[in-house]
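The chains carry the letters A, B, C, D and E, assigned in the order they are written, with residues numbered from 1 in each.
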Amino acid sequence: MDPILQTEGLTIAFGAYTAVDDVTLAVPRNHFKSIIGPNGAGKTTFFNLLSGQLKVTQGTVKFKGQDVSALPPFARTRLGMGRSFQITNVFPKLTVLENVRLAVQSQAGVRFHMLLHYRSRRFRVFEEGALHLLDMVLLGSRRDTLAMHLAHGEKRKLEIAMLLALQPDLLLLDEPTAGISLEEVPAILEVIRRIKSEGDRTIMLIEHKMEMILDLSDSITVLFNGKLLADGTPEDIMNNEMVQTAYLGGLYDDAVASQGHADVY
Amino acid sequence: MDGVINLLVNGLATGMLVFLLAVGLTLIFGLMSVLNFGHGGLFAWGAYGGVWLYGVTGSFVAALIGAVVIGMALGWMMERWVIRPVYGNHVQQILVTLGVMLVLSEMLKVVWSPNPLKADVPPLLSGSWEIGSVILIKYRLFVIVIGLLVFLAVQLVLKKTKIGLIVRAGVMNKEMVQALGIHIRTIFTLVFMVGAGLAALGGALLAPYSGVIFSEMGMQFAILAFIVVVIGGMGSIQGSMLAAILVGLSGSFLAYYLPELSLAGNMLLMVIVLLIKPSGLFGAKG
Amino acid sequence: GNSGSEAKTETKTETKTETNQTPTATKESEPAKELPPVKIGVLASLTGALESYGKQTVRGFELGIDYATEGTKTVAGRKIEFIVEDTETKPDVAVKKATKLLETDKVDFLVGSSSSGDTLAVLPLAEEYKKVMVVEPAVADSITGAMWNKYIFRTARNSSQDAVAGAAAIAKQGVKIATFAPDGAFGRDGIAAFKEAATKLGATIVEEQYADATATDFTANIQKIVKAKPDYLFVVWAGANTPWKQLQDMKVQEQGIKLSTGAPDIAALKTMQELTGMEGFSVYYHTLPTNDVNKWLVEEHKKRFNGEVPDLFTPGGMSAAISIVEAVKKTNGDTNADPLISAMEGMSFNTPKGTMTFRKEDHQALQSLYAVKLEKQDGVDYPVPVLIRELSPEETAPPIRTKP
Amino acid sequence: MGRNPVQLGGALVLMVLIGLPFVTDSRSFLMMLTQIFIFAVFAMSYDILLGYTGIVSFGHCMFFGVGAYSVGVMMNEKGAAIGSLLLAILIGMVLSALLSYIVGMLSLRLKSHFYAMLTLAFSGLLLVLAEKWRSVTHGNDGFTFQVPELIKDRTVLYFIALVIMVLVYLGLRRFIHTPVGRVLQAVRENEQRTESLGFEIVHYKVLASIVAGITASLSGSLYVLTLRFVNTTVFSMDMTLNALLMTIIGGVGTLIGAIIGASIIEFAHHWLTELAKFHPIFERWIIFFGLLYILVVLLFPAGIVGTLRSKWHKYRKARPQDTDPSGVSTESESQGKKVNVS
Amino acid sequence: MTLLQVKDMQTFIEQYHILQGVTMDVTPGEITVLFGRNGAGKTTTLRSIMGLQPASKGSIHWKGESIERLATYQIARKGIGYVPEDQSMFYDLTVGETMRIAMRRQDDRTMERQEWILNVFPDLRTFWNRKTGLLSGGQKQMMAIARAYVNDNDLLLIDEPSKGLAPIMVEKLMQSIEMMKAKTTVLLVEQNFFMAQTIGDRYYMMDEGKIVHQGSMQELRNNGEIRRKYLGIA
């Protein structure tokens, strides 16, 4: 089967600085790929190129076999690519429910309907769908709160709910659990795992929590200074010396050794 | 050729005057992001104050200084009483500053009568030099000099001190600036006062230039100031300078070569600049 | 400058007994109980840019009523009441206020207004309510031209009369004239009319310049004018942002070009020091006309408004009042429009500016205007218009421009 | 039962307004109300932009003016028949739609301040055009024109304006509660996020400005019908400011606020100018008008309707027993919004 | 002696009772860690101390002096630095400009501190002239820490500093906080339990606006019960 996503020599330069440098990558369908790399390696920028927030300087992005490099973000979303943002990005003065409802509406393809009330019977399902998703990310009790009044971690969950609402074929998750409390991370992971196990989704994940990555990923890509440093199975990557020194650092091993796996997140 | 030189010199002088009108707004609107529709009022008060003080004291310097003081005093009151509660909210700013504008320009009539007043050029600066058929009007040259001085002074202060940075940071995130130990309120008040003072200075300098002042002058020139600030790129002093000079030059050259368009000159200039460079001449991208 | 309010408060007390009423008036007030008062609605700009014009009109109007009724404020046995409304120089406000005057106050006449736009907007109401409207001091030709209806009379002079007067003051065979005006209906119409009149007198127009009335810099226009080397520069201007200073800066007069324009009101004359020596025309200055009405006006005005002399549009307001009183006299107190119109068409009446006559065809009052020179006078802090010659009503009669 | 008292009040006011012409014969009062209705339509159209899409425009008068001149010119040239009047109004709307489409496409990609100034420039250019095209517009002096007999009656005009205001209100309210309307609010809150949800924001912004433009054009047409006169002031900055002030005073993003705002401004204007006749201090009534703006902002930060609504909701929250199961809070809570030009 | 003493602090946001009596002490030279689930009120606690969300009840004492009525800038000038959870970048200003604003004084000591922190986060030096809004997530976090650190503060309030940092940076951060410890006391909100337990001295556990548990970090490390109950880890 064709890979769902393929990049070819993907490059973006901000003036003299090349943030993503000639990255060629293919992600098969129903795959779980994680992207790791030091801060400033270009991971988020790479996502921005995939989702269209930034325009490529060079190279192409192919999604489902189609060259999407020139398409604006909304068009890529409609093709089935969805993303969450690293810096929380919600509609601050709309309620939590409305935030998600809008995503559900978009997923249903209701874009230019100007006659019926948005809560009419025909569109009621959007709200129901949204409520269901909120329950899933443990935000059901805060449906009527304005998004701006949420605590940081709650906003992260909202962000995830909005992404899930889009039911994308390819999910781009940019540090989804950053700021989510220890206690609730497992529940969020459970959601992600479930999506993966449902089997028809491809997930790309940026994270710095190694245990989580090792636990979930089929393969790992390492970015370094904008370049693709390595791409392989979790074991390969963990054994990569470069990754060890430049990304993980010394303490990591001690931590895993002394605390055991699950303890760290 | 001489004609062109005349157009150039006078266009430049007008540009410099326009810069002086706009520089206060560059601070208040460009830097502090306060949509100040009352700017014209401050400016008109500067003009009336200057003319009045010149009449009373007979000293043009005293008149200019007095105008600045009047402007700053008005700025102080305005900032404390009406602007402070509406920082960061442009919608509310529009309303309160329009209110201030009405009050200021009506008060002019109460204080100085609704009639236009004559504004004299001080003897030292009146008259002109003639070189061939080029006429160099002394007062306009004086305005060019003052314009340059103000430009340099404002630039220097913004470059040498942290004030410009603090104001910009304060607009982006007031809380964080305070958490760094900066009393942002005082600084905003100060900058607003300086902006108001400069507006008044612009008014006081314009008065002898056109020879007559009137209470509606405020709104008339305020729009021009907004145009300059925006096409210059919000908050950029160089941008305002360049935009003002463009306005001045395009005004005089259009009137000479394409008079049919001169009524639309400033608006066309703005359309062209913004369509080519959406964030203004010196504006940051995005 | 509180006088405007005095005028207004007085109008409100009009119905109460007046202290300065003559015994005859008191006698006459008995039949007045049966006859309803003659009501007049005065529209004027009392705020905004034309505020001072509006106030002049109101003062003049009030004086005019007193003059024409010899202080009785009664005509043909009917009391006269007038109500002043502020149009704020906004057409929609003018219409609102006019409707209020016509509907609520049930006025018999409208008078006004200070701006042409406001006046034009009110014209159809006069027709709708069949009430005579005396236009004062709005100047646009179209008021007695394309937009005219038979209820409209105008005591003010129109643009064309100004232009004819302006031309008469300077245009002669072989004279080269350049013109300068704001780019807009007022400036363009004014220059067009001037051009017509001036060429008729044998002058040639060598350059026409129009500028944005709100511009800061008029240098380019002035340069072009200088380049055309005219004998005269005729300027039509309105609004406070005047070009005089810049004309002086650019040494227009030093290059042998004489300036000419219409002399404005006193406040504006004060800002025209540079124009001392200029030849032009004037609609009114209190020393220009020599007749009894004007004498009365100057004295009475000084008395009532602590020593101030009447200004540019004061006699206009007075003329409007006189014309109404005279018309009602002629109809014997009938204020229905048709008899009034027949009475007023062709009617001549004495005003501070001499005799005016409402022309039959377009109801424009033909009137004297004045060719003047601005001179410096001792004890006066502005250049004073001094009479060169009076331009007779016939001489300044404008073309008839009503729609066929 | 959350809305009911308000709805009841609204219905009551409407009944009074309908009955008014039968009890009062003060046509100047009716005329003032007619003006309020018309400006309310204009202000509501602006609220669609400012309140619901977060677009600040300084050139909204351009659509008002287009509607105004369409009617004026048509009546003047083609004569005063109902048919040509309707056609003129339609032409005005079509032209406005076209104009807002072009202006929108050209400039809605610009960041807010710059967009606002660009609209100012476009409306300025239209003003110059109206000034210069004197064979048709008679420039700044303007021209008067005849209207169909039927519309000459101020009572008829009153009802027409009232009906149109109510219809526009209902129409726009429905519009903002449709899926499109919700997306507009999303655009207002966060453009980038809206786009990444799969909505093309420029389309929505242009759509909003077309809807606003058409509505504004309608109000412009009505406006000159009451005056039977049109001049270039319909393209002036003052007109835009009128819409802005009315919207903000009433409360942006409330629609009904636009109506309240229009009423407040007109009534305040009326009373203040009346006062000017009685007390000399009110001769400079504009000062009090200015103070009114300032006071409104200081006392009602979210506009009159906006602030009252959020007070009401706080009061309701303080009594948890009657919480609203329908979750109406979507609209009500978003009142304190700050729409920023930056 | 305690450096910062918070007693029964209660904070409302609009009508919501967010903090319902927070009592805690911060001892000089120690690293105090604040735990709690999302929405527990950790950030609000820090903001209330900073005066950004003034407490309506209770007292806050700084070196024995009451500061709960002071304005934020006055509190900051007393020597308290703040790293907010959303990093609060001045997105249009460059790294260099941000540092310039942050410095309350421009003396040698401050320059020294700047040098030191730039060595910890060399990225900041590399991108000295880049607008902070364009930095990567982790770089923003570094910027926020450097901005608070550069002044000679006695206490740093740090809200989830490890969030978004690569493991190697977390490690560096831990080392540097430990090094800061000599000069600066730290009140830390942290979800990264590994980091917290490594460097923390004392902990407070929050839930629903109240402190529900407290003790030395050593105890928490060994108390599986509490860890399971409040942190969900074995």
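The rule we apply is simple: a contact is a pair of C-beta atoms (placed from the backbone, for glycine too) under 8 Å apart; a residue touches a chain by one contact, two chains touch by 3 or more.
This is a predicted model, so every value here is computed, not measured.
*Asks:* In the chain contact graph, what is the shortest path length, in steps, from subunit B to subunit E?
*Replies:* 1
*Asks:* Farthest chain from subunit B, comparing Cα centres?
*Replies:* Between subunit B and every other chain, the largest centroid distance is to A.
*Asks:* Please name the chain that ends up farthest from subunit E once chain centres are defined by their CA atoms averaged.
*Replies:* If we average the C-alpha coordinates per chain, C ends up farthest from subunit E.
*Asks:* Centre to centre, by mean C-alpha position, how many angstrom separate subunit C and subunit D?
*Replies:* Inter-chain centre distance comes to 37 Å.
*Asks:* Taking each chain's centre as the mean of its CA atoms, how far is subunit D from subunit E in angstrom?
*Replies:* 49
*Asks:* Between subunit A and subunit C, what is the gap in Å from one C-alpha centre to the other?
*Replies:* Their C-alpha centroids are separated by 76 Å.
*Asks:* Among the residues of subunit C, pick out those that touch two or more other chains and give their numbers.
*Replies:* 183
*Asks:* Spell out, as numbers or ranges, the residues of subunit B touching 2 or more other chains.
*Replies:* 109, 263
*Asks:* Would you give the residues of subunit A that are in contact with at least 2 other chains, written as numbers and ranges?
*Replies:* none
*Asks:* For subunit E, which residues are in contact with subunit B within the complex?
*Replies:* 50, 52, 71-73, 76-77, 82, 84, 88-93, 97-98, 100-102, 104, 147, 151
*Asks:* How about subunit B: which of its residues touch subunit D in the complex?
*Replies:* Touching subunit D from subunit B are residues 33, 35, 82, 85-86, 88-92, 94-96, 98-103, 106-107, 109-110, 171, 223, 226-227, 230-231, 234, 260, 263-264, 266-268, 270-271, 274-275, 278-280, 286.
*Asks:* Over in the complex, which subunit D residues touch subunit B? Could you list them?
*Replies:* Against subunit B, the touching part of subunit D is residues 50, 56, 106-107, 109-111, 113-114, 117-118, 120-122, 124-125, 128, 131-132, 237, 241, 244-245, 248-249, 252, 284, 286-287, 289-294, 296-298, 301, 338-342.
*Asks:* Where on subunit B does subunit E make contact in their complex?
*Replies:* By the definition above, subunit B touches subunit E via 162, 165-166, 168-169, 172-173, 175-184, 284.
*Asks:* Which subunit A residues qualify as touching subunit E in the complex?
*Replies:* The touching residues are 14, 36-45, 86-88, 149-154, 157, 174-175, 178-186, 208, 210, 246-252, 255, 259, 262-265.
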